[in-house]
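Below are two complexes that have chain A in common, paired first with chain B and then with chain C.
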Partner chain A sequence: MMDSGFDRRDFLKVLGWGGAAVALSGCGNTSIEDGRETVVSYSEPADYVIPSIGVYYNSTCAQCDAGCSINGRVREGRVLKLEGNPASTINRGKMCGLGQAGVQHHYNPDRVREPLLRKGDAGETITWEKAYALIAEKMNGVSGEEVAFLSGGVSGHLKVLLGNYLDSFGCKNHFVYEAVAPGVMRAANKKSYGVAMPRYSINKAKVVLSFGADFLGSWVSPVHFSQQYAQFRKGVDGQRGVLIQVESKMTLTGANADRWVAVRPGTEGILALGIINALGTATGDIAAAVKEYDRVRVSKETGVTPGQIDKIAALLKLRSPSLVLAGSAAEGYAHGSQNAAAINLLNHVLGNIGKTVEACESVPFPQMAPATGNTAALKSLSDGLAAGKYKVLFSYAANPVFTAPGAMKFKESMAKAGFKVAFAHYMDETALQADLVLPLDSALEDWGTQVPEYLATCAQVNIQQPLMERLHANTRGMGDILLALLKQRRAEEYKGYEDYYAYLRGALLKNKGALGGANVDDDTFWNETLTRGLIKLEGPVGALSAKANAAGLKLPAPAEGDAQYPLHLIPGVTASLRDGRHTNQPWLQESPDPLTTIVWDSWVEIHPKKAAELHIVEGDIVEITSKTGSIKAQAYLFPGIHPEAISVPLGRGHEAMGRYAKGYGVNPFQIMDAVYDNETGELAMHETRVRISKTGQRVIVVKDEGSAGGSQAGKKIAVRVSTDDVDLSEEV
Partner chain B sequence: MSVSNLLENWSQFRHFHPVDDKPHDPYKWAMSIDLDACTGCNACSVACYAENNLPVVGKDKYAHGHSMHWMRIERYWDEDVGVAGGREFPDQGAQFLPMMCQQCEAAPCETVCPVAATNHTADGLNSQIYNRCIGSRYCSANCPFKVRYFNWYDYPTTDNVWPAEMSQQLNPDVTVRGKGVMEKCTFCVQRISAAKVAAKGEGRIVHDGEIQTACQQVCPTSAISFGNLVDPESRVHKQWKAQQVELDKEAQAKDKHGEEGGSSGLRGYRILEELRPYPSVMYLERVRESAV
Partner chain C sequence: MHRFLRLSVLLMGLFSAVSSYATDAPQSAPMTPDSLGPLVEQPIEFPHNRHAKDMQIDCMYCHTYARRSAVAGIPPLRKCIGCHQSIETVRETPRIKKLFEYWEGSKDGKIAAKTPVPWKKVHDLPDFVRFNHERHIKRFIEQQNRPTQEACGYCHGDVKEMTVARRSKALSMGWCAGCHEKDHPVTAEGGTPIGNQAYWYSFQKPVANASGSAIKAKGPNDCWQCHK
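For the complex of A and B:
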């Protein structure tokens, strides 16, 4: 349908105005713009609109950075539902709940609709011309060093444009900040494997030993890993894969493990070395490094029984290849990098390098590769702001006022910037602190390209295209805004591009040959690319280092108990809310947490044993106090947590953002101490120590689980069978 | 069909198993769900909200049990976890179970409806006729799986659960239900109907794979299969057959092995089969490794 050479942009205009008007009148509304009646007869439908027939367009999910390809169902000019694009090697037609809620990001009633300029405590609506003029004025006479640009992860042509804009005034202060990101892992992998993000083949492993990597929930590329997991369970040669999860707080992945091993918080690395010791196959450096870690000592320090260590080692020896993963739970400590290095060492010892930890391709255009970052970047920005270094601050796709650790006092530092511009979808906590708020298009209205950091089987550039016309007349795409800002600086160079669409099309066509379109004309290439929604590429393959290095590997002894703050605070990263940027999507608020089944609120996970000790019962409002601050939330008795730790999920506790987010739950970021990983300087998210006390209040926990809790009351409802009793190779 | 006709000749219309005299032909929709693949991620539930116009009821109504999730994930712990004298940790993980209307062949909900608003279709679905429903809620009381959801409020209007532009997301193929009616999983009947009509136009029956329910389509681990149980080529048929689960029996080959104390190597079962509702959903038991 796309190869007839028609102009996609015209098509959307037609579709948007004609189609949307019809659709709107169909569901009770009669106008797109206030007060204007728009009735279009079906006897003259717009091209490519067949009333009541859904058409599907490919694009890219923007709810996280994994880069799943989506297939949007559009009817009468409205996007109704996001489904997976089967052609993508990342998600192969599948989606997660977070991704599907993308339509609620788009249709959200709390979106910012007009550019807003601060007037005291209120925002005054201004025009885009005035907004651009204001930015030009504020940038006048300001040097590049005095401007800071904060963004979430960016890639593709948007990153190129952003780089060009910053170059145009000699600014090198681009801070890439994702609150929940595998920053420590990238650095540790670089040291252990030679690449930051190797390809993990869960489906080829017979045993997966994961130290807190929630690859089914929120880690790196969960939809992709979920599919690999399904193959892994079916097994290689009929032998079902075995998952062992080591962590202090059960994640979704832990809940699916054959063996969930509760480890004392922070001792993951010690356990890894203990397993190497128990394997007894290491030689040279490595053998020397693990010599001290005999099972008695390791058991004492980690709380894992010697028998369990032996069983894990025996299974790893017996079934090869295996795969060992280091996740955020193991990395969230001051010695997080050492933990990760110890865990990665296991892959070398077990001979998994090149088998389940493989080299992967990268996109052959380094300028489009994703810019990644974690809290170290925010700290550096925050320090600069506190020192009064920046006159102008831009913020895009990040909400640091909500996600910065409380001890960083980011809000106070931000106030010291002279002029603050937020590109925003909602009036979130950061936008509220800005002087100028510029409203963004939703991902379903905007053009773009995206390059995922984790590439599944080949290099891939994802295409994002509008699935429908803009809902609100005065929102703009980030690409269009950057282009307009660039024109203020380099008018000559960019005058040929009417808008970001023209720029994107021009840029892709210029590289047509390298993008697999050498033998087709421009229009065919462009239309086919949009139809597919992604471009698969041959890219350079990173060199994997097979040489294990145990030099410099040193793990601290387990942390001593702290009389004043006896418990570890583990921030829970849930698959649907993550760092809280999508909390205003009601499907996600009402989607029960898989482990506790709680909805619409925060909770404190506490082990039943510990709760009994402290006389805490379910629903007690407890106060959690750290050195930095305190929060109050309902207690939930949860057996999947180490008794020396408690866990509060991230993502809730918004003071702004919108009707579905504001006022629900508490924000544990607020009480996080400023402890950083020794090697990378990233925030050690699990290092905050707390004490817990009852407030005397009690509520009924709003959750999906019934009065029987997690019990099946003796009935065979959800049944489990041992591997001894089934033969999966006989199954359909 | 008038209601009086339906009520007077109820036994003729009531379609349940065993049905030797009225075999399903050409369709009998059924499912199989592999609990060893299911990770409990909730993607299916969100897909159901998107496809079937399910209202988000909010915290207060959720607290009163008014949630409307046709597809929900139940989470169970082993009985001896976290209790005195039991295991300290759930060291074999949790048990997840996607639960939705089991489309029973002898559905307990159908017999108690005073107005025959819920009844059985010829292709084996337990259907709900919204504009016939008077809201007695007897069906819900009689459902052993607790998968029927009642509209206590007028969600689209007075409760305004789809404010402003949110209503534009609603799927036009599915009704938005008003106050006072019961609703539940339909096996995505709108998708089934569309495929049946398309196939009929081409003079054939629906092939396996042509219809995907929304939950099946989205499932990241492909744990859910859906199809025509009487089509020998369908994956669902093959799975049920391999597991020796028969639609019109209340005890299966696997249970017989169990009684004899042996292992059958099978893991297909239906929930609360002993109540004889003859559910159309077969679950495959979750497997756990014994060596570690």
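For the complex of A and C:
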């Protein structure tokens, strides 16, 4: 306490007078600026353009790959607000927070605005003509094998153009890399069900048993599943659906579950087999496969009590159909495919195939179907780069320098490529390593088509159209760039297309008949398609294999404790930041994490018991060390995590990208070990083992919840009871 | 010692308040019905008198957005050209030549073709005020059938006597209240009780009519009607 005479009363007095002073000077019409502001009129407006009245355009959200259709309000030529397009069967007029932030991607002050050529450590602004000429020059005399094209998930006509471009010089090195993608699930589903992405009907299920699938937050198509979930909760035949979530770190979906079961990391498959055993309905080789997984053994290995297993099995027996989902938390291990296979087997045993797991239609143009990928692709690219195989490297819609596991040392491999071209929205970590950076239009300025990987009820081609004119004169659409590059190679074939718009229009009109426009003229078809923002199609239906197969199912015993690195590191995939590609949108940084309410920073979730053991309290800066590296972040005591695990959210810890991303939090990708799934080669994100130590520093955690956190200070505000004490008949 | 220090802090505060108020001094008193705004130099000296008085053109022929939208907007360039390309008699006058430079581009290349004329804003409201043109036009012109020039003139003054427009009303809140109080008295019962502040400006002063029952007005009776 200060011991001067300037006490609280004096302070308030000064504050009061100061306030009065500000108020006084604020009086009057000081903000009217007659004759100083310019008011710009239109020169030739369309008839429907009236100042202050909004015009609405349909397009497609590009914030993630779910393919929600959006409807943007445009006023005076500026896009202001996005909403969902009700015509889409995927999002049916709804939208998520990540999608809402799309306008901040568009108006972002840190977007790259000019083509940049490396000059030492800085970028020199060059013209597009020079950039194209430079690419032509560098590609001259380079064979197809010496060029690599790295991209995120691409679909639609962009994928076709990209394929044609790579074909034009005989390049087969298209590496599709998605940092956070259900790579293991696709492969496991293909084996179990015969299709990579079946249609899940949460709304038809009476029980959903989810093994770490965060379908309300970040898994596959969250907006679609959230609506299904709402129907599921209302219930089929008046019976409210019951959600059981099995995972080691509570996700948003886990927080909504009736029963949240903490499982020892990596033993999800064992629990699934234990449940099959407890059900006792399996026959033949499945019964043989689960024979040894009795409740005592399973309980010992997974840490789930026998009582819990019995309750889950009883509930699944009682109510049918049910739905069992395998999510990234179960799949992020070296035996991830095995875990997923065991979990999928449950759907077979419970007879859910054809009821809640159904065959889905696919878009009848296979060349437009989304190209999907995983870290296995990045690994082979990284190996190739390290071996000096590639003279030219293109990178689009991926930021591997940020998202590659630290042990892969991608940045070092990338440096060995001869000439690196990055198509970028921001100067992110990968663009910083490039020799030539080409600025892209935002998704709200660009043309395109998109085919979602997860199709809801019918095949659908999404249309992306500009909601407004370019903000910056020198950005270009990816389609336009590819077309310009193709003209360097196959001028004759592409000379008819002035730009990507012309190409897109031509391509869609050519297939007008197949796209449901057989009886209308070109202009009508085109205008109606743009107005709707999507094309619904009848597509071929994939065949589900109804036959269960337990052959080859071999789950390893739970991993032994590691004395040096005793804890599992679980990377948290949050609904808003995902793999960190949108971290520079401040709304996403500012919106509190749904479970911890922390903003603008990373944190380490640690179980209160474990924290007490290590003498860690909230706000302690702890160092997390793996074999690969170490990071430091603030501790957050969280009961929703297995005591043998800690969790750090992905997406933060950028060293570049922009003012809202750079320097906030830490990047757990950096300390991930290079462990891969045995079957698919996907990165085993949950396999990294760490140890944790206090650094001695302590900070105040910036979060929305009060200082008491989850503690109710004995006031019984929300009464809770352990799930073991709940009688099943009362519970459901 | 501290007491002295404190006093000086207070005096400094007061002084800065008064001086910042004084620097804004050459502004109109908020309550006077007529107060002329500054003379504004426009890129083209647009003769409102020729159009509105001599030619008898309705205000809304050019200011077409006013009846459709909250903001009146500025007539698009195409509107000017639409008429003037077929009025040969004034085609070579300096102002019309200048106008066509914006449409066709100037010979020295300084103005590109179809550049909107950079007019200066004459009637400006603070950003926290939403005035709705459409509602006022609906009421006065469409419902009460008053002449357009009279209705627009309530706020914009006698524009037909001006060349370039000049603000001639205060456009302050007290000035708005001047009309709304006179013509649309509001009852406390009819409106939303919003505390004393609205009473300062008489927006909500209960007024009884001859029969003793209060009149419910159509004017704004809640802060957010204008401050949203």
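FYI, the second predicted complex is superposed on the first by the 663 of 732 C-alpha atoms of A that agree within 3 Å, B and C clash if a C-alpha of one lies under 4 Å from a C-alpha of the other, contacts with A are read in each partner's own complex, and residues count from 1 in each chain.
In the analysis below, a contact is a pair of C-beta atoms (placed from the backbone, for glycine too) under 8 Å apart; a residue touches a chain by one contact, two chains touch by 3 or more.
Computed from a prediction, not measured in an experiment: that's the story for all the values here.
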item	value
Touched partner set for A:230, first chain B, second chain C, both or neither	first
Partner chain(s) touched by A:592 [first = chain B, second = chain C, both, neither]	first
Touching partner for A:518 - first (chain B), second (chain C), both, neither	neither
Touched partner set for A:97, first chain B, second chain C, both or neither	first
Which superposed partner A:719 touches (first chain B, second chain C, both, neither)	first
Which superposed partner A:637 touches (first chain B, second chain C, both, neither)	first
First (chain B), second (chain C), both or neither touched by A:50	second
Chain B and chain C footprints on chain A, overlapping residues	24, 27-29, 52
In the complex with chain C, residue positions of chain A that touch it	4-6, 10, 13-14, 17-18, 20-22, 24-25, 27-45, 50-53
Chain B residues within the chain A interface of the complex	35-37, 39-43, 45-47, 49-51, 56-59, 62-63, 67, 69, 72-77, 79, 81-83, 88-97, 163-172, 217-223, 235, 238-239, 241-243, 263, 265-267, 269, 271-272, 283, 285-292
Chain B contact footprint on chain A (complex, rising order)	23-24, 26-29, 52, 75-76, 78-84, 91, 93-97, 100-101, 103-104, 107-109, 216-217, 222-223, 226-227, 229-230, 233, 240, 242, 244-245, 250, 252-262, 311-312, 315, 471, 575-576, 586-592, 594-595, 597, 599-601, 607-609, 637, 639-640, 664, 700, 702, 704-705, 709-712, 714-728, 730-732
Contact footprint of chain A on chain C as seen in their complex	1-3, 6, 9-10, 13-14, 16-18, 20-21, 24, 27-28, 30, 37-41, 65, 68-78, 102-103, 114-128, 167, 171-172
